[in-house]
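Letters A, B, C, D and E name the chains as they come in the text, with residue numbers starting at 1 for each one.
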Amino acid sequence: AKLDDVKKEGVVKCGVSTGLPGFSNPDDKGKWTGLDVDLCKAVAAAVLGDAEKVKYIPLNAKERFTALQSGEVDILSRNTTWTITRDGSLGINFAGVNYYDGQGFMVNKGLGVKSAKELDGAAICIQAGTTTELNLADYFRKEGGMKYQAIVFDTSDQTVKGFETGRCDVLTSDQSQLYSLRVKLKDPEQAIVLPEIISKEPLGPAVQQGDDQWFNIVKWVHFATLNAEELGVTSKNVEDMKKSDNPDIQRLLGVKDQDMGQTIGLSADWAANAIKQVGNYGEMFERNVGKDSPLDIERGLNALWTEGGIQYAPPVR
Amino acid sequence: MPNIPSDTLTPPQPENATGYKPLPDRAAPGNTVGIIGWVRANLFNSVGNTILTLIALYFIYQAAAWFLDWGIINADLAGDSAEACTSSGACWVFIKARFPQFIYGFYPSDEVWRINIMFGLFAFCIIGLVVDSIPGKKWFAIFTLVIFPVLAYYLMLGGAFGLEKVGTHRWGGFSLTLILAMVGIVASLPIGIVLALGRRSEMPIVRSICITYIEFWRGVPLITVLFMASVMLPLFMTAGTDTDKLVRALIGITMFQSAYMAEVVRGGLQAIPKGQYEAAEALGLGYWKKTGLIILPQALKLMIPGIVNTFIALFKDTSLVLIIGLFDLLAIVQSAITDPNWPQVSVEGYLFVAFMFWICCFSMSQYSQRLERKFSTGHKTA
Amino acid sequence: MAEDTAKTETNEKNMIELRNVNKWYGSFHVLKDINISVRRGERIVICGPSGSGKSTCIRCINRLEEHQEGDIIVNGVPLTNDLKNIDTVRREVGMVFQHFNLFPHLTVLQNCTLAPIWVRKTPKKQAEEEAMKYLERVKIPQQALKYPGQLSGGQQQRVAIARSLCMNPAVMLFDEPTSALDPEMIKEVLDVMVELAESGMTMICVTHEMGFAKTVADRVIFMDEGQIVEENEPHAFFENPQHERTKLFLSQILAH
Amino acid sequence: MSNGKKGGVTSLIYDPRLRSIFFQLVAIACVAGFFWHILDNANTNMAARGITTGFGFLDNQAGFGIIQSLIDYTETDTYARTFTVGLLNTLLVSMLGIFFATIVGFLMGIARLSSNWLIRKLALCYIEVFRNIPLLLQIFFWYFAVLRALPSPRMSMEMGDAFFLNIRGLYMPEPIPGAGFDYVWIALIAGVVGSYALYRYAKKIQAETGRIIPMFLPTLGMIIGLPLIVFFIAGSPLSWEYPVLKGFNFTDGITIIPEFLALLFALTIYTSAFIAEVVRSGIEAVSHGQTEAASALGLTNGQRLRLIVIPQSMRIIIPPLTNQYLNLTKNSSLATAIGYPDLVSVFAGTTLNQTGQAVEIIFMTMGVYLTISLVTSAAMNYYNSRKALIER
Amino acid sequence: MAEDTAKTETNEKNMIELRNVNKWYGSFHVLKDINISVRRGERIVICGPSGSGKSTCIRCINRLEEHQEGDIIVNGVPLTNDLKNIDTVRREVGMVFQHFNLFPHLTVLQNCTLAPIWVRKTPKKQAEEEAMKYLERVKIPQQALKYPGQLSGGQQQRVAIARSLCMNPAVMLFDEPTSALDPEMIKEVLDVMVELAESGMTMICVTHEMGFAKTVADRVIFMDEGQIVEENEPHAFFENPQHERTKLFLSQILAH
């Protein structure tokens, strides 16, 4: 089983994007950071006890599923949209949603465009092999047969570059990405993100089909970080919280014979390790894409259900 | 004989008839020799040529002036960040700052000495093989083809002999380009030899299998082969086989390259005179001894230019791995160019890659042409 | 036509006239003050050691090489840079090369009819008839439809001769026509040349076949280091050479 | 092997024919076993991953846009149609690439043999520079470094309100044939037929009288002049649709996208460097003696080229030239790196990604290239066997 | 070993026996009913016009060519498709080619020791000693460490002879061993061959060197158009040929 392989190798192979600030991006020294990266780290912490035992494999959109299918990566944590065809015919399973997103447009300020409805005839930069490519076609058809030119690029870097140099008027992608790509622009101020959201883009980690144990682990590591936020457990206070009498927290952190880890094949302190080394969902979010990051994205849909969002985790019980 | 007046039988005698003295050489008319003669003969020998010469000179002047201006006079070389690029010319600082990454990829900087050793060994092999005056070519060849790959493998990958393991996902840059090309050639040579022998075999089925293989790979673009290796290969392997992306690319490249190599080998085999086969047979050598002792040693030597040419083609083609997401020299520069911290540096970046590739390919092609000339004169007399 | 008038004018005069011809390859002085006059119907053999400028000399006569000083006048037409003159001269002068230089992509017959058709504008049929006549003369009419690659060296050289004859040249130049041939084949080519000589063709022939020189030449010219050393009728030339250089050369040749 | 002779004690293992049969059986077994193994693996793997097989996906709706298409295409068309669109785009860029690379290559090859030293050396530089730099890099250079430096649509470089060049591509007027334009086509066909007839006639006249009828001007007149005259008589039935800047982009007219331009430039230049070498060696292979012999026969410069040098060098040039054409076609697949929608890009790229039908799609893509190669090589072998110089 | 038994069996019988051998190249009938028997120690010269099948005939004897009808028995071993027999025969039969066919990538000594080491499995040392012995016999021991390309044609041919001798063959076949040599070199090779003949080696030699034939041959076989026309001892063959064809051939040869 995958879990044994991972333990044997002592490293979690994590498929990430080739460079998307906020989600997965290598810094100057080649150290990977981002929301998607943190998820892999959390899994590594839960399974191996060490969040640094991750091998990052940068993938572009076209090759990501193959990499997962072939077992080249253990987790595909690469802002990938959960769709029925991907579940159905690609042989992969999505283990949850770590970012609720929607497709949006970014345009050059100079064009004076205020709404996506004004985009008839525009040239649109887009990354090849994504759901965005399909949504785009649907949207323009729905809006009364507006015309557009799709300029496709292999990597998001090239897409941004294409937008920046004026090869296209519009860049379309998931909104979160738009913000993160915008930071990459030489002059982020020159671009604005249009308000329309034209699709549902639930982004989440995916694993190979056929190994339910591993599927559960990834799923529950994600849920654990959500539950931790809900319960107020953070990377700073996790040791203190172990002393808490809240049974929910006890079960989550696996103290006082509340060994929930074994049900999914992990040690008792699986969640504690993950939270301690990586943090809860809220911490990850703010650190990577939220207030504490250059992207400065609102929690919005990604707030906990208790706070008006839709991030909702099943209980650890 | 037709009748010819008798006086014609004694032709007019030149003055020097009685005492022949060799005339001294006279200098050629001034406008046909020396620099002026050369210029006239080579640049201005007709109206059309004169016009062409002038146009060409103008273009050369323009290009040279632009390059001097942009690439040298107005270029920035000092400093190590984008801020240093202030002038209107080229920003060579970019190349300088990123140079280690271009060469070593994401290899951990403490371990870079390993790559340097590999480069050193490689240079040692190449010098040994190329410089005529160094003896023991056979041993150099064996070292290069057999021992060096093993050494390089352990050096690069580590995980043994107390070397830290550096996964292939951290390999990149020029060193990756070199590795791809080297492995491609070294691995495809034996396969190519087998295929070429098979193609010349008298057994129709073996022959057609080899021909099918060769023609198949030669008929499809490398990029589809790389796609196949990266997308389909995992499907073809027993479930759970660990398939590193680099390994898959290498498998694809090797399968592709071996078909081309087979044709080079076939060319070499065909150049061996029939008499050599017959003499070997007459001495009682069987097929494998004949091939291994007599034919291949001679053919391999003749194949070197062909092998070098395939190597050049492969060396250039390795840049395609960019498309399946490996960071060879071109890919790493390409991604560095999109770094928002640097201003427009694409021309500098591409020029740098072009220069690296060009130097390697051009010197190899000169070498192979030299060998071809040597063989074309040398083999006949031997 | 220009050539016709030229012909009549010089009928009584020399067919080929070289006056003080000098030529350099770069700074290498290869022909020095060459003077040769060849009368209509005369047969000249040029011999001399290798590198002495024999080939260069006869190649100047149909302007395959350019000379730098002196005059070359062929059938009354001076060889200058005038393209028209060059064309006229080339039509008058046939040349046979050491290495035959047949056109390998054309049949023997096409080799022979090419120039008549395109240069002389002879109708194809007539050109072919004439070509067959010359092929018979060189004794290979049955090879007419083969390609040069299918013939032996001797046969190829005979085709080359027939090809030149098809243009009805006033003069034939031969540059060592037999030296690339195997011994058995030399004879068949020499036979054709002797027959040609006997029919009264003006010929200049660079050759070391002394037998041929003795049989047919009116005059033998001996060259060395770009100069004419000695010029005499064959009998005198071979029996009684005037110059030390000639003697030395002949002793080497005849020793063979 | 021919019939052997029986007799003597033939021990089976030493009989070469039996040996050969045995080896061949082993070879077949190995190959078959190999294929069985990978097919079996593929089957289990695909079943395990829930990947469906078969070509049924070709009928599904593609749902993505393609920027350049020679036939009508919308997002609602099927994957089968994206295949056709990609294939046509591949063929388009290959054909044009071949056309231009041939012209440039021949020019450079001839320049390499020029009597002008400077031209010779410049051609040498051109060849050595461009054939020693990876094609992909050249494509990137044209696309990312050169064409990206062009101005935005609003600041296009323009020529007479008809041609516009900007970062989005080259915009040109599109000819719209009006009523009566058909006559022009008819005139063109008539011109071609007439030229052919003239050619036959001229040949006949030459064979009979030796007179050489000039061909160049009459042919030109018939093929270009005649349609032109008809065109004007018919009242110029052709209108032009000019590109206009509307909204974000130019609309109407013909658009040539920069991806296409970059690919075409790079393919043309890269391949022309190789073709130049082919041409040079082909011409050099015709020995100097051939030209000399032709001069000595009094053929003019032009005749020498047309009758002696070109026919011989073409035999040498054409096989390697075809190879270069095939290489160019295969290399056009690098389009995927800059998003020109060729076969590999739209079909083996986007379609594969959307459907996950890797085996079928790669198989079809390779099949296309393989077919092109094999058909061309077969034609080439036929040509070679026809044109080989006959030797004994 | 099989060969040893084979040898003793046929000790008294013919060394080489061709019975009604027929061979075709495609549909071209190149050998027609050839019958030859060669006794141990006998020396046979085969001659005949070019293309008559001489080479083909002796190449059949060590199976460089396959015959289609009839029997070829060498030292008691019949040549069939049996690879083992073919191997046995090839060890018994040495062959010297017109173009030497030395292995250019090996030194003279390596050329000579290659087959003993790999085929006979002789220890290297011993093989070298023997090779030196034979190189001395052909009078070029001092060239042992040179490469074939560094030797003259005559020396190369002598190396080729030594190379064959190193396998201790019972029979030696020569296919025009001197015809690719310059005249000065022919003699040195012939000398070696004469010496070999005098030592009692069984030899079949295709050659036009009539002097050699007269000196050493026990029998001369004359072939034409794939058939044996005449077979006789040399004296009778040269002085008194029986057939018109032979007479014609001899007149041409001797005229040279």
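To be clear about the criterion, contacts are C-beta pairs under 8 Å (C-beta built on N, C-alpha and C of every residue); 3 or more make two chains touch, one makes a residue touch a chain.
Source: prediction; values computed, not measured.
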Smallest number of contact steps required from chain C to reach chain D: 1
Common touching chains of chain B and chain A: D
Chain pair with the greatest number of C-beta contact pairs: B-D
Chain whose Cα centroid lies at the greatest distance from that of chain C: A
Chain with minimal offset from the mean of all protein Cα atoms: B
Most remote chain, CA-based centroid, reference being chain E: A
Separation of mean Cα positions, chain E and chain A [Å, integer]: 83
Euclidean distance of C-alpha centroids - chain B vs chain D, Å: 25
Centroid distance [mean C-alpha coordinates] between chain E and chain B, Å: 47
Between chain A and chain D, centroid-to-centroid distance (C-alpha), Å: 44
Residues of chain A engaged with two or more neighbouring chains: 66, 69, 154, 161
Per-residue multi-chain contacts in chain C, two or more chains: none
Contacts with 2+ other chains: residues of chain B: 231, 234-235, 237, 239, 323
Chain pairs in mutual contact under the definition given at the outset: A-B, A-D, B-C, B-D, B-E, C-D, D-E
Sites on chain B touched by chain D in the complex: 42-43, 45, 49, 52-53, 56-57, 60, 202-206, 209, 215-216, 218-224, 227-228, 231-232, 234-239, 312, 316-317, 319-320, 322-323, 330, 334, 337, 346-347, 350, 353-354, 357-358, 361-362, 365
Parts of chain D lying in touch with chain C, wherever the complex brings them together: 206-212, 287, 289-290, 292-300, 303, 307-308, 311-312, 315, 389-392
Footprint of chain B on chain D - complex, ascending: 1, 20, 23-24, 27-28, 31, 38, 41-42, 44-46, 48, 114-119, 122, 128-129, 132-137, 140-141, 144-145, 148, 330-331, 333-334, 336-337, 344, 348, 352, 358-359, 362, 365-366, 369-370, 372-374, 377
Residues on chain B engaged by chain E in the complex (per definition of touch): 273, 275-276, 278-286, 289, 293-294, 297-298, 301, 381-382
List of chain D residues in touch with chain A within their complex: 45-46, 48-52, 63-67, 75-76, 144, 148, 152-153, 167-168, 246-249, 251, 258-259, 336-337, 339, 341, 345, 349-350, 352-356, 358
